[in-house]
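Letters A, B, C and D mark the chains in the order given here, with residues in each chain numbered from 1 onward.
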Amino acid sequence: MNTLPGPSERLVVLGVAESDSHAVANHLITMQLQDHGFTVINLGVCTPLSDFADAADRYPQAEAVLIGTLNGHAHQDLKALPELRAAGRLNCPVVVGGNLSVGSHKSDADRQRLYDLGVDHLLSDAGELVLLLDQLHALRATMVAELQNG
Amino acid sequence: MNTLPGPSERLVVLGVAESDSHAVANHLITMQLQDHGFTVINLGVCTPLSDFADAADRYPQAEAVLIGTLNGHAHQDLKALPELRAAGRLNCPVVVGGNLSVGSHKSDADRQRLYDLGVDHLLSDAGELVLLLDQLHALRATMVAELQNG
Amino acid sequence: MAELNGLELDPQIAADLPGWSDILAYLTEPRRPFVVNVLRAADAAGRPAVQPRCGVGGHEPMLALLRALEPAGPDILSVTIDSHTRLRNFATARDLMRDSPADLNGYPLIAHGWQRGRELGEAVAVPLEVRHGSPDGRDLFAVTLAAGITSFEGGGIGYNLPYSKNVPLAHSLRAWQQVDALCGTLAASGLVIDRELFGTLTAVLVPPSVSLAMTLLEGVAAAREGVSCLSIAYPQGGEVHQDVAALRSVRTLARRYLGTAVEVYPVLHEFMGVFPATPEFAALLILHGGLTARLGGATKVINKTVQEAYGIPDAEANAHGLRTAALGASHLLDFVRIDEDRAAEEQHWIEREVAEIIEPVLATGDLFDSIDSAFRAGRLDIPFSASIHARSQVIPRRDRTGAVRYGDSGDLPFSGAVLRRQADLLREPPGTRPRTRIEAATADIHYFLDKESASLPDRSRYAPSSPSPDRGSE
Amino acid sequence: MAELNGLELDPQIAADLPGWSDILAYLTEPRRPFVVNVLRAADAAGRPAVQPRCGVGGHEPMLALLRALEPAGPDILSVTIDSHTRLRNFATARDLMRDSPADLNGYPLIAHGWQRGRELGEAVAVPLEVRHGSPDGRDLFAVTLAAGITSFEGGGIGYNLPYSKNVPLAHSLRAWQQVDALCGTLAASGLVIDRELFGTLTAVLVPPSVSLAMTLLEGVAAAREGVSCLSIAYPQGGEVHQDVAALRSVRTLARRYLGTAVEVYPVLHEFMGVFPATPEFAALLILHGGLTARLGGATKVINKTVQEAYGIPDAEANAHGLRTAALGASHLLDFVRIDEDRAAEEQHWIEREVAEIIEPVLATGDLFDSIDSAFRAGRLDIPFSASIHARSQVIPRRDRTGAVRYGDSGDLPFSGAVLRRQADLLREPPGTRPRTRIEAATADIHYFLDKESASLPDRSRYAPSSPSPDRGSE
């Protein structure tokens, strides 16, 4: 089969980082993704990275794990990512969005150290999320097709 | 005689620089010096430096020539000072006060180039004026006394 | 469990504390500044006290921050606590304090310890308040007291639902009951600790009657334990008549439900929603908050800063915000009148809505059980809850004046009159294009961003000089 | 003397000008923006247009300044002229333009020439106004017209007495008569040049009726020459009811004395006295000016900046001031009401005082002679005159509300009723310590500095980050 799965089959895992209780964007993103036909496994606020990994294990069809982090603690809250990946977990794309470091003067280093942990995509506006998910989805479909054909 | 002259005998020449029409400080300084017993020869606003020299010639007893300059044009408006001094004029202390250069970011160079023209004292607050005049006055009295005694 | 005068504590933390008599001795030193005195003076003068939020990870930087802010004239200074400490991840806070304190979004007071806490208080002349967001703040309170800090924010509802995912209300209410009880003991011996209640909740589009209902229930609980000084905070929503009415309601409702044994001070948290990014517009909103505080008779206002949209502010921006809020709250704007009839009408309805929400809760048996079961049933509720223990069936909406209304009041036990008025206020003029729930929510949440673009022409070409918004750096 | 359509000019300057038909052709190009259209639109919308002062010596820096300010959303931009050009020291202006343009406090338009003037207009989309302070502005007006600039500030009284020492009024009035006559000719052929009258005068403590009396006399003279668009500027004194009343009086008095053939637009110059030095306080005053403009129904407001106390502002501070004034004048502060009864009472008295000052002047023979002899006799007068041709027997004082009153009205022909009211308003409560004339004048002049120290606690410890006040650098 070469066709993309229907929208109702699309699923993502969403949540807010471990030390962070900012809930509003989480509520809105859930609505937005649902309106776009996604099934959203919403783990809510204050979610340790290991809980994200558990959810990803439970839903292997998840297209991505989406982690919001507003309070500036992104780096600390995602610190376990290399360890979990080394253990073969959280292998789907990890997309992180929000306000990514403490303070009003941001630097590229703040973003780089998140990439260094293994975060796949950094977004600062959830408005870009559906577009990114669609791109990732198309990419996966192409790869699957290549694997099947190759 | 070693005693200072009485206050009523004290006289200054006051005015505002050539291109400058700011009048309020000029009105206030006149009142202030009069209240302190000075005779004020007030040349008013927009007064070319040569007019100050003329007044100084006319009032050789003047303790100082006081020039206000608010509009930022101090340097240009006082440019003739070296020339006049070279011609043996304006030999009493020249005191300049106000806002001494164009713009909101002042530098020491703005002040230095006024000293370089020969300005004797720069004040930014007319409140310091009477004190300065008294100091100059005392100094002159000492020098006169020394000349007489020496 | 260890214990400090009725406060159950983590044994390790308790072990590090000084003795109770040492704590009392330090608190009673004559030069110890008490927040309650500042509040009394501000209230008497009719000029709101101004207080910034502030907290950084390192101890020296924290001392420097307090010292940098003091000349800007705060009446009270804050020790804002980092998120790990709030959530009792004390070990994480301690590790970060050691390895990269700048990565902390607040001051880890427990990790630094009460001795350093005393140094903070001694560094400045004005009194301090500990501001946090801990569903269970008992250990933090013990260290706060030991540090000689005389004001402590929080309550069993307002520091639970916005600040954690899954702490049962029964747990947080009992934790805060212990805090309040200890304040009661201290008050009985003449040491008045100010307890501020966080009516701001989830901050974004909080209907005034939801905010007031929660703080009044917490207030009843606190008063029962003998707390004698309560600061009741309300978050500025942005529509001045509504905000003024809400602040004025704090006093009438407190008299009605808390009696006269407790001193109650209304506090305004300057606009707590999504903040505009242009410095001039942000400054106007900060000034506007100060003005709102004064018009509403607030005793205190917590200022925002022009860096709110960007991240935790630096000291300079915070000092600027503080001064701007103070100017808004000063006599300079004495000439400003508002439509008092409109404010009075708002106040009437706010008081009525609060009564309809809390009176059934106060009427039945045990207060904590009653609160707990009301939340389960949705008879108490908050919008955009962080916690799974509130249903968030309440959906707020701004009306055309910008006032925050109930688009859906869920299972709040409102009378027909209240429900009809809310529906009327939100009725769109005929021919209005219907909006999706996300469009409506986003527009209401971005209210001041939209006003900002409308009022500052060509804002798109605006680029802030040094800090740039995170969204700009993408 | 050379001549341009009735305007007598310096022959050298005239020689450099393009022909009259070229000037007309350039002005009538369809894309030429006219200030009058901006004023009409602002008036219709009920939102004051906002305009900064701006002028630097070099041409490229001037282009850069205009381009830097445009994104901040001005409705009109200024070409502020340097002092040498104002006083017709064209040679000095030219030398400085060549050798050290940064030493000029404005743009020397005559030295740069009309071609560069056109480049300024073409660099931005909004129309320009030439703002100066020339007792005799004829040559500057010729270059302004040739540059295609459609608004020109000044008048025979307001651009003489504050701006020079010894230019006879007879001279300046006749110079401006020629400017007005040419505007009349242009208006007759459909090209409406906005003429702004500088009611700000000496800016410091100007009683509203003095300001209005002068601009109305100039307005009568201008209307007689056929000028069809007049902007009548009034300087914000700082007491809102008085300022609002003065702005509203512009419209009623203009109808009474100028008839309906002239379009008249009230303009507020944001506080023109000694400006506070703390950025937050300065910003509040700038916002307050925008609000005053809107409440008073001004068509335009000229903004100040947080660098006013320090020196000519940089582009960033000017853009900030512009945005802040615009926010003050925007719908955001719609909720603000003032005591309308108080404003109406002020307006009644301002109108009466103006009538008492100008009606005798308008009643007798030749207007210019009449103005001239009234100034000689002190029946017309301004405080703190720069010129020897006004007596400055008028001594202004602030009353306890901050409104500007007549401490001494000299020989202004006021009725007993007006004099009694002024005396009553200034009567000190019994037991007040009498002040010397300097103490009183200084306190009134430093009104906002004193409020600044009172409202921002511990201002003594305030140190501005980069620009520092000149008085601080001593």
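As a convention for this text, a contact is a pair of C-beta atoms (placed from the backbone, for glycine too) under 8 Å apart; a residue touches a chain by one contact, two chains touch by 3 or more.
The shown structure was predicted, so the numbers you read here are calculated from the model rather than taken from an experiment.
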Q. What is the graph distance from chain B to chain C, where chains are linked when they touch?
A. 2
Q.
Touching both chain B and chain D, which chains are there?
A. none
Q. Where the centre means the average of the CA atoms, what chain is farthest from chain C?
A. B
Q | Whole-Å separation of chain centres (CA-atom averages), chain A against chain B | A | 73
Q: Please compute the C-alpha centroid of chain A, do the same for chain D, then give the distance between them in whole Å.
A: 59
Q) How far is the middle of chain C from the middle of chain D, if each middle is the mean of its Cα atoms, in Å? A) 46
Q: Just give me the whole-number Å value for how far the CA centre of chain A lies from that of chain C.
A: 31
Q) Out of chain A, which residues touch more than one other chain, so two or more? A) none
**Q.** Set of chain C residues in contact with two or more other chains
**A.** none
Q: Report the complete set of touching chain pairs.
A: A-C, B-D, C-D
Q | Complex contact set, residues of chain D against chain C | A | 71-73, 240-241, 278-281, 283-284, 287-288, 316, 320, 323-324, 326-328, 330-332, 335-339, 451, 455-458, 461-462, 465
Q | Residues of chain B touching chain D in the complex | A | 18-24, 27-28, 31-32, 35, 44-47, 71-73, 75-76, 98-106, 111, 123-125, 128
Q. Mind pulling up the chain D residues that touch chain B in the complex?
A. 83-84, 87, 89, 92, 96, 102-105, 133, 162-166, 202, 204, 307, 310-314, 317, 384-386, 388, 392, 436-438, 441-442, 445, 466-468, 470-471, 473-474
